[in-house]
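Note that the chains take the letters A, B, C and D in the order they are written out, and that residue 1 is the start of every chain.
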Amino acid sequence: MTGDQNVLRVRDLRVHYGTGRGDIIAVNGVSFDVRAGETLGLVGESGSGKSTTAMALLRLVSPPGRIVGGTVMLHGEDLLAADERTLRRRRWSEVSLIPQGSMNSLNPVLRVGDQIVDVIRTHEGRARGAALTERVTGLLETVGLPPRVMRLYPHELSGGMKQRACIAMAIALSPSLIIADEPTSALDVVVQRVVARTLMEVKDRLNSSMILIGHDMALQAHLVDRIAVMYAGNIVEIGPVAEIFRDPRHPYTRHLIASVPSIHRRKPIVPSELRFPDHGRGTLLSRGRQMSSRRRPVDLYEVSPGHFAARADDETWAVTEEDPTHA
Amino acid sequence: MRGLTWGYVARRLGMYVFTLWLSATIMFFIPRLSGDPVEGMVARITMQSGHVAGGEELIAAWRERFGLDDPLFVQYLTYLRNMLTFDFGYSLANFPTEVNSLIGRAVPWTLGLLTVATVLSFVLGTVIGALLAWRRTPRLLRVLMPLSLTFTAIPFYILGILLIYLFVFTLRLFPVSGGYRSGLTPDAFDPAFVNSVIQHGTLPALSIVVASMGVWALGMRGMMITVEGEDYLTLANAKGLRPGRILFQYQIRNAMLPQVTALVLGLGGLVGGTVLVEYLFGYPGTGALLYQAITNADFTLIQGIVFILILTTVTAVLIIDLVYPLLDPRITYERR
Amino acid sequence: MPEPLLAVRGATKVYGKRQNAVTALRDVDLTIADGAASITTIAGESGSGKTTLADAILGFTGLTSGSITYRGRDLAGLSRRGRLEYRREVQAIFQDPFGVYNPFYRMRHIFDVAVRRFDLAPDKRAAQRLVDEALAVVGLRADEVLDKHPHQLSGGQRQRMMMARAYLLKPRLIVADEPVSMVDASVRAMILDIMLRLRDEHGISFLYITHDLSTAYQIGDDICILYRGEIVERGETRAVIDAPQHEYSKLLIGSIPVPDPEVVWDLDAPVSLTGESARTP
Amino acid sequence: MDPTLTRIAEAEIEAEEAGARPASPWRNRKLVAGAVIVGVILVSTFIGGLVWDTTLARAATSPLNLPPFWVDGGSMDHPLGTENSGRDMLALIVVGSPTTLRVGLIVALISMLVGVVLGFLAGYLGGAVDAVIRILSDTAMTIPTLAIMIVIAAYIPEMNATTMALIIAVFAWAGPTRMIRAQVLSMREQGYVRMARLSAVSDTEIMFREMLPNLLPYLAASFIGGMSGGILAAVGLEALGLGPQRVPTLGMIVSQAIEGSAILRGMWWWWGFPAIILMVIFIGLFLIAIGLDEIANPRLRGART
């Protein structure tokens, strides 16, 4: 991987969730790059740490979670080490966020237009009224919303419209990276397709990079260039999407792909669960020993150029029929 | 039309009229429940002060004055008409002074004190509550502020007594009672008079403010913390907005909404407390007048004051409710 | 001709009055045969009326017009005893595997209540045997789950407990209202597998209510596609999904992404049927 | 945030703080402090009634206007002094405190019971019943109830503590009703209520066995709110001379002290002792209320100030 092409370089990112009895490892030393113009899919099931990773990139992990280490280099600048002011400037103008569940992501007491204007004013200073209106209208048009949406309040929009308003807001400053956290998971399939199309269109238009977080492998198959599969805070496999689907190496990746039902092929249902005791969900580090007992990140080996996977010959990756329960 | 809709206004007005009618009706029937209202009242005073001068004549005069010998519904209709036209008749204890003129003199004082104290305590309490929950608040403030909230638990009246003891009796910083120094003529443009009003009003206002501020502060703090967990606040942070903008437009604006509801529900209590504080400080408002009316068994005066107090509160609530949709655009959609 | 297990005829449900009226269901007919157990899918998007239909069948809401009969007897005219029997024979599992458990009680509570209300066992030991058996069917062990509080279990365990509870009553029909839409892929497979086993090994029919056609494709026998309160297409699941006839069915099926990057997902296909509009008064 | 991880973390915090679920309310320091304060007052007035002669609370049983024993002119015969009608302060307080608390208890009990009944009726039945109850409680919430209580009290020829408590209770139901109605409305939509209905559980059983236990923190909060609200209203009526005439209450003692110009005469013990006890009671109840609030809304607990 050549460094110059990378918009984002994440190294050894660690996030812990503090509890009274010690820390839960949410993100266990994750490393990955996002190249210019590409869409990276970050997939995993609930508790895999994919959303936490995304929020950590923006330094938005909220208590009881906290970032305990790593670097997030955006265009060569470490966001985790940046001071508040710099961080605030980089947010949105460089990295924007399309949140999970846009239902509650818009401020209910501000008009949609004002919430978009907010980012423009904050990052670009005062703008003239008419030009500003035109710009917001243009943004809304880009995502297929009529200009009048500008003057509406969030509760007056349907779910799909809200999500599109969030997309319009995310592209307002032409950021080089857009983080989309399950942008369509709350939508009906037909609306999901429309929103997915909008998302890809605006991304292409801006030529920005995108991290698309999701759990739906089918959706990922069509929308991303590369996929990173997360399990229990680790990236266990990462590579070009076609490669991953054609030749999944890690048992967890195989399991994820296999468990997606298809409408074209009826296949037997294989109920299975993976158990990875050493990095299982809710692993607790005992209090006071958080730092010393850090777990080593999972080692990845190169399957083929650009396709990496964790060694899975370890017995702990056996497929079992048990449901993982947290201790 | 967003914000205020006619349906919402009509519903609120309906509630307003209904509340007034219900309170007026309760006040009409209460005295008549226990038989003869006049005798009950006189009996009470006799109990208290041992003897009422000219008790018999008083009862007879009352009966005539209030048409107590008419059929009940005639009395009721007359009563409603009188209430509607603010015709409360003559004060029984200060005949031939009209109840209206007594109340008229007292109401501006009460309204003034109540408004100043309510606005002050609401604003201060809300700001303190917001600061308590804000991450950037200096540590010192965070430690000191909760202490002041302890006063919340103490009723206005008791706090007023403490203030009198401390500032009037011990430190002699403030005048004992009344609304202004005796000898001055009420004149809003006379600096001496205004100064005196402020001096006399400080302690009563202080006891209301200090005692009620904490309620708003606690409520605000709770709401700020709740809002902090909301997705739109995370997004506001992701947007790189300035902390001040996030605090005011995203966090406080949303946390304020339940505060306003709390204000609506708390106004009745504030009015009640103000009445007691006024009585305690001998303030020339409705509180002192009400106490006087009770000790004098001034039937008409009590009725008049209580009706005006209710009217004031309910009207204030109506105004807040009509403003509310402007703060929260969702409100008029609630009943869909 | 034998009586069907469940028959819904002309079911119509209107919420609200006059100008605010919203028709959630319009003249819906549905039959589940009494013979061999089957899985009948009701598929539709939010607002299609599928949950209203489930609620009506479960007796949580009444119909504006139409009837629901269970083995020839109209639900509306059931005696107290008849209703209890219906409750026992027609059970349900729901979408949210957390909210269905009362946070005040331990997991055991939902079994205790069912045993008590339906008088399933003469004594505690017999009851425990029944519960153990039901848990075994869904692959859980009593000592691992019964004395825990709901928040101490994983989503998959909670969802399976709900299925065990339904199984405990030995019902003829289970209304499964979006049972897999809030769980992870791995749990989803487990739940679908249990549904199949209950159908094949225990003769329990399902009314599978979902927005997810691909899972229906995997396990469903018959399917009804519901659109704005009306059934627009029905038939054998694979026949309908492989060759949809109605415009809406085509749109719905065309919108589903296929888990294969080689297959082109036509993002630009028309979406005329779902004209989204702002919800302004 | 990842909801699963957050939930795990929260569950761990909870487990850490409370050992097991349901979280033991006695882990909350504010709640415990408040309960201890109120408990001490109850116990000490009870003991006081055993060791001190309560007949001294009657007029003209003692010398007039004596200061407490540690002030010049005071004596151990009347350790907390006497007031201007010859009543012993200690005896007054020993008799007055439980009366005041009783008023609070009666108000709290009645208002909570009425709140449960009306709140469940409104929330569970809905429809016209709900509309009527909602409008009435909204009305009762917005009017200054002290004003109406004054009217009522003014016509009661002979007031005693119980009557006063009943009058106050008549106006104290609206708050609990509103709160319980809101809770029932949201609980009615919960999955576990549907689940109970699937198990053929009757409506009454759903209300009392499924819903009510989850309301316990709210009921406790409403009970405490009722107590302090009741005592507050009582103090208000008493201040205006509308309190019970024969049996002393704390508020009545203060009110008489104010009437007797105790502040300006420097007789601080006359109003001071009952006022302090009242304040301590209010602060105790306040602490309990905050503690209960934190138990019902765990988020508040996480953000300690």
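What we mean here is this: contacts are C-beta pairs under 8 Å (C-beta built on N, C-alpha and C of every residue); 3 or more make two chains touch, one makes a residue touch a chain.
This structure is a prediction, so every number in the text was calculated from the model and none was measured.
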- [ ] Mind having a look at which chain is the central one, using mean CA positions?
- [x] D
Open item on the list: Using the stated contact rule, I'd like to know whether B-D or A-B comes out ahead in C-beta pair count.
Closed with: B-D
Task: For chain B paired with chain D, centre-to-centre distance based on mean C-alpha positions, whole Å - done: 22
Open item on the list: Report the inter-centroid distance (CA atoms only) between chain A and chain B in whole Å.
Closed with: 53
Open item on the list: Rounded to a whole Å, what is the gap between the Cα centroids of chain B and chain C?
Closed with: 55
Task: Two or more partner chains touched - positions in chain A - done: 46, 55, 62, 156, 326
Task: Per-residue multi-chain contacts in chain B, two or more chains - done: 229, 333
Task: Where chain D touches two or more other chains, by residue - done: 302
Task: chain B to chain D touching residues, read off their complex - done: 15, 18-19, 22-23, 26-27, 30-31, 34, 37, 40-41, 43-44, 47-48, 132-133, 142, 145-146, 150, 152-155, 157-158, 161-162, 164-165, 168-169, 176, 218, 221-222, 225-226, 228-229, 264-265, 267-269, 271-273, 275-276, 279-280, 290-291, 294-295, 297, 302-303, 305-306, 309-310, 313-314, 317
TODO: Write out the stretch or stretches of chain D touching chain B in their complex.
DONE: 135, 138-139, 141-148, 150-152, 154-158, 175, 228, 232-233, 235-236, 239-242, 245, 254, 258, 263-264, 266, 268, 271-272, 275, 278-279, 282-283, 285-287, 290, 293, 297, 299-300, 302-303, 305
Open item on the list: Touching residues of chain D toward chain C in the complex: what are they?
Closed with: 7, 11, 21-22, 190-192, 194-201, 210, 213-214
Open item on the list: Looking at the complex, which residues from chain C come into contact with chain A?
Closed with: 45-46, 139, 144, 153-157, 160, 184-190, 192-194, 196, 211-215, 217-219, 238, 241, 251-253, 255-263, 265, 267-269, 271, 273-274, 276-280
TODO: Sort out for me which residues of chain A touch chain C in the complex.
DONE: 45-46, 148-149, 152, 156-158, 160-161, 188-194, 196-197, 200, 215-219, 221-222, 241-242, 245, 255-257, 259-264, 266-267, 269-274, 321, 323-326
